[in-house]
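Structure first, then comments.
Naming follows writing order (A, B, C and D), and every chain is counted from residue 1.
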Amino acid sequence: DLPFALISGPCQLESLDHARMLAGRLVEVTSERGIPYVFKASFDKANRSSLVGKRGVGIEAGLDILAAIRDELGCPVLTDVHTAEQCAIAADKVDIIQIPAFLCRQTDLLLAAGETGAAINVKKGQFLAPWDVQNIVDKIASTGNERILLTERGASFGYNMLVSDMRSLPIMARTGFPVVFDATHSVQLPGGQGTSSGGQSEFVPPLARAAIATGCSAVFIETHEEPSRSPSDGPNMVRLDDMAALLDQLQALDRVVKA
Amino acid sequence: DLPFALISGPCQLESLDHARMLAGRLVEVTSERGIPYVFKASFDKANRSSLVGKRGVGIEAGLDILAAIRDELGCPVLTDVHTAEQCAIAADKVDIIQIPAFLCRQTDLLLAAGETGAAINVKKGQFLAPWDVQNIVDKIASTGNERILLTERGASFGYNMLVSDMRSLPIMARTGFPVVFDATHSVQLPGGQGTSSGGQSEFVPPLARAAIATGCSAVFIETHEEPSRSPSDGPNMVRLDDMAALLDQLQALDRVVKA
Amino acid sequence: DLPFALISGPCQLESLDHARMLAGRLVEVTSERGIPYVFKASFDKANRSSLVGKRGVGIEAGLDILAAIRDELGCPVLTDVHTAEQCAIAADKVDIIQIPAFLCRQTDLLLAAGETGAAINVKKGQFLAPWDVQNIVDKIASTGNERILLTERGASFGYNMLVSDMRSLPIMARTGFPVVFDATHSVQLPGGQGTSSGGQSEFVPPLARAAIATGCSAVFIETHEEPSRSPSDGPNMVRLDDMAALLDQLQALDRVVKA
Amino acid sequence: DLPFALISGPCQLESLDHARMLAGRLVEVTSERGIPYVFKASFDKANRSSLVGKRGVGIEAGLDILAAIRDELGCPVLTDVHTAEQCAIAADKVDIIQIPAFLCRQTDLLLAAGETGAAINVKKGQFLAPWDVQNIVDKIASTGNERILLTERGASFGYNMLVSDMRSLPIMARTGFPVVFDATHSVQLPGGQGTSSGGQSEFVPPLARAAIATGCSAVFIETHEEPSRSPSDGPNMVRLDDMAALLDQLQALDRVVKA
């Protein structure tokens, strides 16, 4: 088994300068440790809890920033798409396109994503059993594209709460594709603050450690230099200054499990 | 409170003849009883469990059939849309456009639907708390369109199962908009048959009765002359020949509750 | 199918005078309507959320009050037991002994209850699937006692919340035994107030109506002349003065469903 | 933080010879590694799914075996009690008495257990939120006994399935008491085989690793030389021969997390 990779970034793009600062620090901290790193950021938040939530910089400006990060820093970049039309446009500038959890069963989106030839990270819907990702994999693979990643981001557990079922990581791994644990969105409290989602950032480190201990391939952790100022997902983000210590722990655990 | 309405049809369109036969029977059985009736059918099943599932006749052919039903039989017609682009196209031919449950938080889709001026039926996501539909309502109402219906179709309850929380009907009614209980999809067993969803049609009548007894505005019940031959949702459909007796019961219950 | 019965009372016994007043009013309101009625009260609350909660009058004083109610008012009485030893003692004074939901799988308690020959009302655990009550029924029936009632009181749904799955009523009815819907405890918010359970009394009427509409045999509704003064379960009780109107509605619905 | 401890044994006692063999092997494998070890076995299974399930050797014979194991092998022993009366009897022979999950809110049982002065391991009910264990702790501590352990054994997740919420380990740790992860019962499928509970023993190692990675104090893992011959819980047991390798992994992870 390969050592774990880190997918990380600021949730939504704020500006090139901000993306460059964050990605630069993350490249530094991961390359020092030999951890494969993918920069992730969204150009649009298409399913905010309410209209009040900030949407993002838009697809053109966003993809330009992502391409600049890739070129300047040499790390692969990942972004999420929301329509079939966006797939080819995004795949032109990024390495991995991501299918949001709510959209994980939209056939046309999966096929359009597959047809780009880009790597595709599918987030398992909060409503989906882990064994049912096989149907998603089959939809994408029908395009001839088998560069697939599968992400656990929590399952619905009553109202306004998710639970991370750690069994889903080995279950999804049976597909043969790498499995990512999204430690940021798994601790979301959906809709829990009226017009936005709450979060429990204190559980990101223990859940990320737990996921690595099961033997998964990657973790996704959103970060910000000042989470309370992030335009989205602040309540479940890890502070940038705390990433190095967390990665040290995850790397040591990963080495034990994959020894 | 107004008497309950029925939304019913064959799940996905098969042909004009088939739609005409079903709609004709449903118009007959509801008009005899004075029950307001809306014909519902899908032109595309955009989120089938797997690629193996039949997708449908397509948007052009489908809307033509729906428009023909409306013209010939005089009943309003409803169909579901899957992209922002489809909203205006569909609204040109149908009375009510429906937002699928998985897509109930996609802002662009809600805004595009709202802007058509058509009535909009939003199915509450399996992952959404009933009080969180207020944010959805606000997104649509921001377009100036307040012709909104809200549908309960079951909440995630562990894996491969939904539960119908009857509290959600009065909770969603607090928005001031009519609330529909979807008795067909609430008894779905999502992904429960490998490449398709199973269902428990034996629970459609008791759950429909329960919903009416809480005082909701409408029920949605899919029907087919031979459910086992339906290209989708067969396991949770009511046989066409059984609709009249069920409607008699629902109507009597509705009169008690709204007396 | 027989018309529905009402099981009702003050949750925990406060005094003979109080029990007499409540039972008297309930006998009056049910006998006027021809609704079979069972008085229910607890002599001990053995599983309060915290030590702060009031426990009750004790088994001796409690059973004396229950026996007095039965003798004076002529209605059957029901109380819950918590140990195997209490079964025979309680069965000497009451008509129906009740097994609390948390204890529904305790074999010795079920056998001791069965051996008394009294009727036994088992509350389905919040953790139990409705089809799994068959094993409970079999444990009791092994004593030769088949005077069994089964009660739905909500299933765990995430933390601090229950959901009433109305499917469980017809599913439990497949055992051949009468099924009771406990509208009071189904709207409990377990542990939701720190050292006590919260509740949503506004949902008691719609859920009771929904349960009757499925066709169940009885409903259990706790009541108090002033719920906010009840030593337990106040937040989910129906005010005594509101019982008559609710019963009228339930009776009319019951007649429709069992016509 | 102290290194993790192992609680392990055969689920239910079969005979002194069998207990001696298992405990001997477990003492050997843990002492070689410096892992604190507690032998656990039940003298009675008081809440089997159905009457068909084997109950156990009984309290007298069972406690004698446990006392013999303690004397011969020098390891502390743990057993579960089901009534208030059993507490003092059991505490006379064992070091730790365990409160079963279904009984975790039975006040009299908790008080009787507390009054023995023995250490008490409370299994959190499948229906209980992790923050609500504080009320349980307070009940026990009211007796002056603060030798308390708290065990996570899975939360209800729909029907016939549990989910292990790894957040519950740090949440329960806020009480200040050691937290145990029960990797055996967390993978139970309650009632999932008709008259007995199924299990998913393949998930015991990843969940045990995940729990250790969060930083918990102990893990509970049932074992048997031949799980398929165990009179209970066979489907979720780890084979005795596989324990050493699993413990090596857990110990290495524990050292990373507590470094």
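Please note the rule applied: a residue touches a chain if its C-beta (ideal position, glycine included) is under 8 Å from a C-beta of that chain, and two chains touch if they have at least 3 such contacts.
Note that this is a predicted model, so its numbers are computed, not measured.
Novice: Shortest hop count from chain A to chain C along touching chains?
Specialist: Tracing touching chains, the least step count from chain A to chain C comes to 1.
Novice: Comparing the two chain pairs, does A-D have more C-beta contacts than B-D, or is it the other way round?
Specialist: A-D
Novice: State the chain with the largest centre-to-centre distance from chain B, centres being mean CA positions.
Specialist: Max centre-to-centre separation from chain B belongs to D.
Novice: What's the distance between the Cα centroids of chain A and chain B, rounded to whole Å?
Specialist: 33
Novice: Can you give the whole-Å distance between the Cα centres of chain A and chain D?
Specialist: Result: the chain centres lie 36 Å from each other.
Novice: CA centre of chain B versus CA centre of chain D: separation in Å?
Specialist: 48
Novice: Which parts of chain A, given as residue numbers and ranges, touch two or more other chains?
Specialist: Answer for chain A, listing residues that touch two or more other chains: 155, 157, 159, 163.
Novice: Mind listing the chain B positions that touch chain A in their complex?
Specialist: Those in contact with chain A are residues 46-51, 55, 82-84, 102-103, 105-108, 125-132, 135, 138-139, 142, 155-156, 159-160, 190-191, 195.
Novice: What residues of chain A sit close enough to touch chain C in their complex?
Specialist: 157-159, 161, 163
Novice: Can you list the residues on chain C that touch chain B in the complex?
Specialist: These residues of chain C touch chain B: 155, 157, 163-167, 169-170, 187, 200, 202-203, 206-207, 209-215, 249, 252-253, 256-257, 259.
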